[in-house]
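What follows is subunit A paired twice: with subunit B in the first complex and subunit C in the second.
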Partner chain A sequence: MKKVFFCLLVVLITNVNAYAQKYFTKNGYISFFSKAKLENIKADHNQVLSTLDIGTGDMQFSLLIKGFHFPKATMEEHFNEDYMESDKYPKATFKGKITNLAQIDFTKDGTYNATVSGDLTMHGVTKKNFSTSGTITIKDGKISANSKFNVLLKDHNIKIPKVMASNIAETIEITVTCSYPNKT
Partner chain B sequence: MSNLNKILLLTLLLIAVIAIIGLVMWNKPHSDVEGAGTIKVSPDDLYNAFVKDSAAAKNMYINKVVEVSGEVSETFTNEQFQTVVLLKTATERVSINCTFEEKEVQVKKGTNIAIKGICDGYNSGDADMDIPGDVVLVRCYLSK
Partner chain C sequence: MPIKNYCFILITSLLTTNLFAQDSTDVMSSLEKETTKDETVYTNATFKTTRVVSGHSTENTAPGVLDFRINHRFGQLNTGIYNWFGLDEATMRMGFDYGISENFMVGIGHSTFQKSYDAFVKIRLLRQSTGKKNMPITLSYVPVIAINTLRPDPPTLPKPDFADRVSFTNQLIIGRKFSESSSLQLMPTYIRRDTISFPYTKRNAFAIGIAGRQKISRRVSVNAEYYYQLPDTKSPEATNVLSLGVDIETGGHVFQLHFTNSRGMIEKSFIAETSGRWDDGDILFGFNISRVFHIKKTKDHW
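After this line comes the complex of A and B, so read on.
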């Protein structure tokens, strides 16, 4: 009987160890792309904070709006002052969960499809149960996450003046690339 | 020259001037980091400023060119292959997170260097996961 308990204990402890693993990066990448009649605009962000708990599937992203960098200084100004109001709403966040965690084997190299669902907050407006898909890649034991999805400006109460309607799209394509080199 | 022609010419000139001003404004360059006047600050003072009084720190540092000197705790490349250098602070796991424009920057872990960059602010980390935030500098250069 003692032996059984001991075995159970060992199994429990190793399981806890295997799963109580939280990864993070402070230098993840997110870009946004607006495709409109008159021009295409792309901005990059390389200081995205992201966390991934491979035990629970919890996944979070957080970035400072001011960290988006544009090809032109004027675009950056308009983006921060007129559209995103980054002094008032300095951050955008996503707090969610991987919903198909069981299908991802973090111990085996490969690319796995992943779906995430959670709260997407930007410009002070939270969209609940925002869901999107992407991939989780394990290579030499290192985890990275990729996703591409669309965000509707009107979902976050971001208003584009009529005169700019042919310069800025109503749907923005967001690309996410984060590798998670750090363990907490 | 008839009056009509004069008016036409003036109008054209006016349009040309407006167009040129517009073009110059639209193409105005990003703020100059290398040649700009800088605020010199230590990694700890910069971090503490944001933690203690975020509003004052925002006014003082955000969008300003800041020069920070300190010890390199880590260096790596980000997803766009830019060099990232972390400068140590006295607080454990907190750094001044500096992203360079160039891909190849010769910086060694453990050395003391001075970096100039634009302060983007402080990402407050993740309290749930016990990850402290960093102060972020972008478009960095090694200060000579």
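After this line comes the complex of A and C, so read on.
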């Protein structure tokens, strides 16, 4: 009798465990690129926080706006002061889910197309059901995620003055590269 | 016995599910907490530029950036319509500032007022920050040297020695950004005067300044600056300088428009050699224009 219960317990714990596989990183990479008539602007961020729950497909990103670095110091200042207002809105976040989780086999090496949908928040404005696609790559059991998508500045109430219209694009291309070395 | 076992299983299963029911949001918030503890976030843009109006702010020119500045003061408003309310007259300081490192900048300039040359360095000793390193204030030290090169008038007068033409200013700036839109700073200042610029009684002068900034929109802020001279060292002919201004940012340029009772734009001039009085209408309109050039791209990029 006791043995049976013990077995049950083990099964129960391992089961729960199997569904709670959360991976995270503190060094994800996100860059953005603005292509305008007069200049192209690129900025990098190397300290993106991200979590990935392969059981539920939950995927989250969080970064500090001040962590974006630019080739020119004044660009960084204007970005923080004039456009993103990073003292008022210090973070940008994404909280979503992989919608085609069934098609990704996390136990087998390969590159899988993934669609992610969720809430994208920046500059204090949340865009609900923001959907984008990318890839999930499994190599030697290690998971990494890649995506490239566009964000419209007007969706997040980021205003570009007319005089800067030839310097800053209306649509910003975001590139995400995260590998998930850590497990909770 | 079996009941006990059931209870045991129930409790354990509850506990275990609880333990693993921590969802992604919890994981994320603990990650965020960790990073705010591990990282130092420095306060940016306590003031819009390196000057409040005439005097220095806590800001430094970014490393590798050359800042070309033109400071301009018209004449006194109370000179009336004949003098176009001061606009017929002008004094100017033209200068170059350069950021050598994050906390160290240098600058040189020439003023039409007293045909003066000046040079300064600004060293940031402490920088306001939160996170791993928590620092409530920014502290900077600004020494300035100025040389009055005016010829004797009339020319028959004896030429002053070089030592009589040189003045030094030592200034500390203690600043804090209190909120996203409000900043204040205090500027205790010691001036070693030259002997030819102003009818002085003493060579040493002490003053304490206070300056503030209030943002009124993303690109516009209101600034004020006042220096109180200690009565013991103040020249009887001098008044304290008060300047009120507006900063307007337009992409690469910053325009600073202001009213002040001082003609000079070097520390020793506007702090200790101001003779105009606001209550007499000795008010001058003026502006500073700053244009930055990126000489070097920032490190570890591209």
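Here are a few things to note about the model shown:
Basically, the second predicted complex is superposed on the first by the 166 of 184 C-alpha atoms of A that agree within 3 Å, B and C clash if a C-alpha of one lies under 4 Å from a C-alpha of the other, contacts with A are read in each partner's own complex, and residues count from 1 in each chain.
Rule of thumb we're sticking to: contacts are C-beta pairs under 8 Å (C-beta built on N, C-alpha and C of every residue); 3 or more make two chains touch, one makes a residue touch a chain.
Bear in mind that the values here come from a model prediction, so they are computed numbers and not experimental data.
Upon superposition of the two complexes on subunit A, a steric clash is found between subunit B and subunit C. In the superposed model, A:179 lies in contact with subunit B only, and not with subunit C.
In the superposed model, A:82 makes contact with subunit C only, not with subunit B.
Using the contact criterion defined above for the overlaid structures, shared-chain residue A:47 touches subunit B and also reaches subunit C.
In the superposed model, A:162 makes contact with neither subunit B nor subunit C. When both complexes are overlaid on chain A, the residue A:27 reaches subunit B alone and has no touch with subunit C.
Contact with both subunit B and subunit C is seen for A:60 once the two complexes are overlaid on the shared chain. Counting the residues of subunit A touched by each of subunit B and subunit C gives the higher count for C. The superposed model places subunit B right into subunit C at 26-34; the other stretches listed in 8-16, 26-34 or 224-232 stay free of clashes.
When the two complexes are laid over each other on chain A, subunit A has residues 22, 24, 26, 44, 47, 49, 51, 53, 60, 62, 64, 66, 69, 72-74, 91, 184 in contact with both subunit B and subunit C. Those residues of subunit C whose C-beta lies close enough to touch subunit A in the complex are 2, 5, 8-9, 12-13, 16-17, 20-25, 27-28, 31-32, 34-35, 39, 41, 44-45, 62-65, 99, 180, 218-219, 249-252, 292, 294, 297-298, 300-302. Across the complex, subunit B meets subunit A through its residues 25-31, 62-63, 76, 78-80, 82, 84, 97, 99, 120-121, 123, 125-126, 128-131, 133-134, 136, 138-139.
Within the complex formed with subunit C, the residues of subunit A that make contact are 1-2, 5, 8-9, 12-13, 16-17, 19-20, 22, 24, 26, 42, 44, 47, 49, 51-53, 56, 58-60, 62, 64, 66, 69-74, 77-78, 80-82, 85, 87-88, 91, 95, 161, 163-164, 167, 184. Put simply, subunit A touches subunit B in their complex at residues 22, 24, 26-29, 44, 46-47, 49, 51, 53, 60, 62-64, 66-67, 69, 72-74, 76, 90-91, 177-179, 181, 184.
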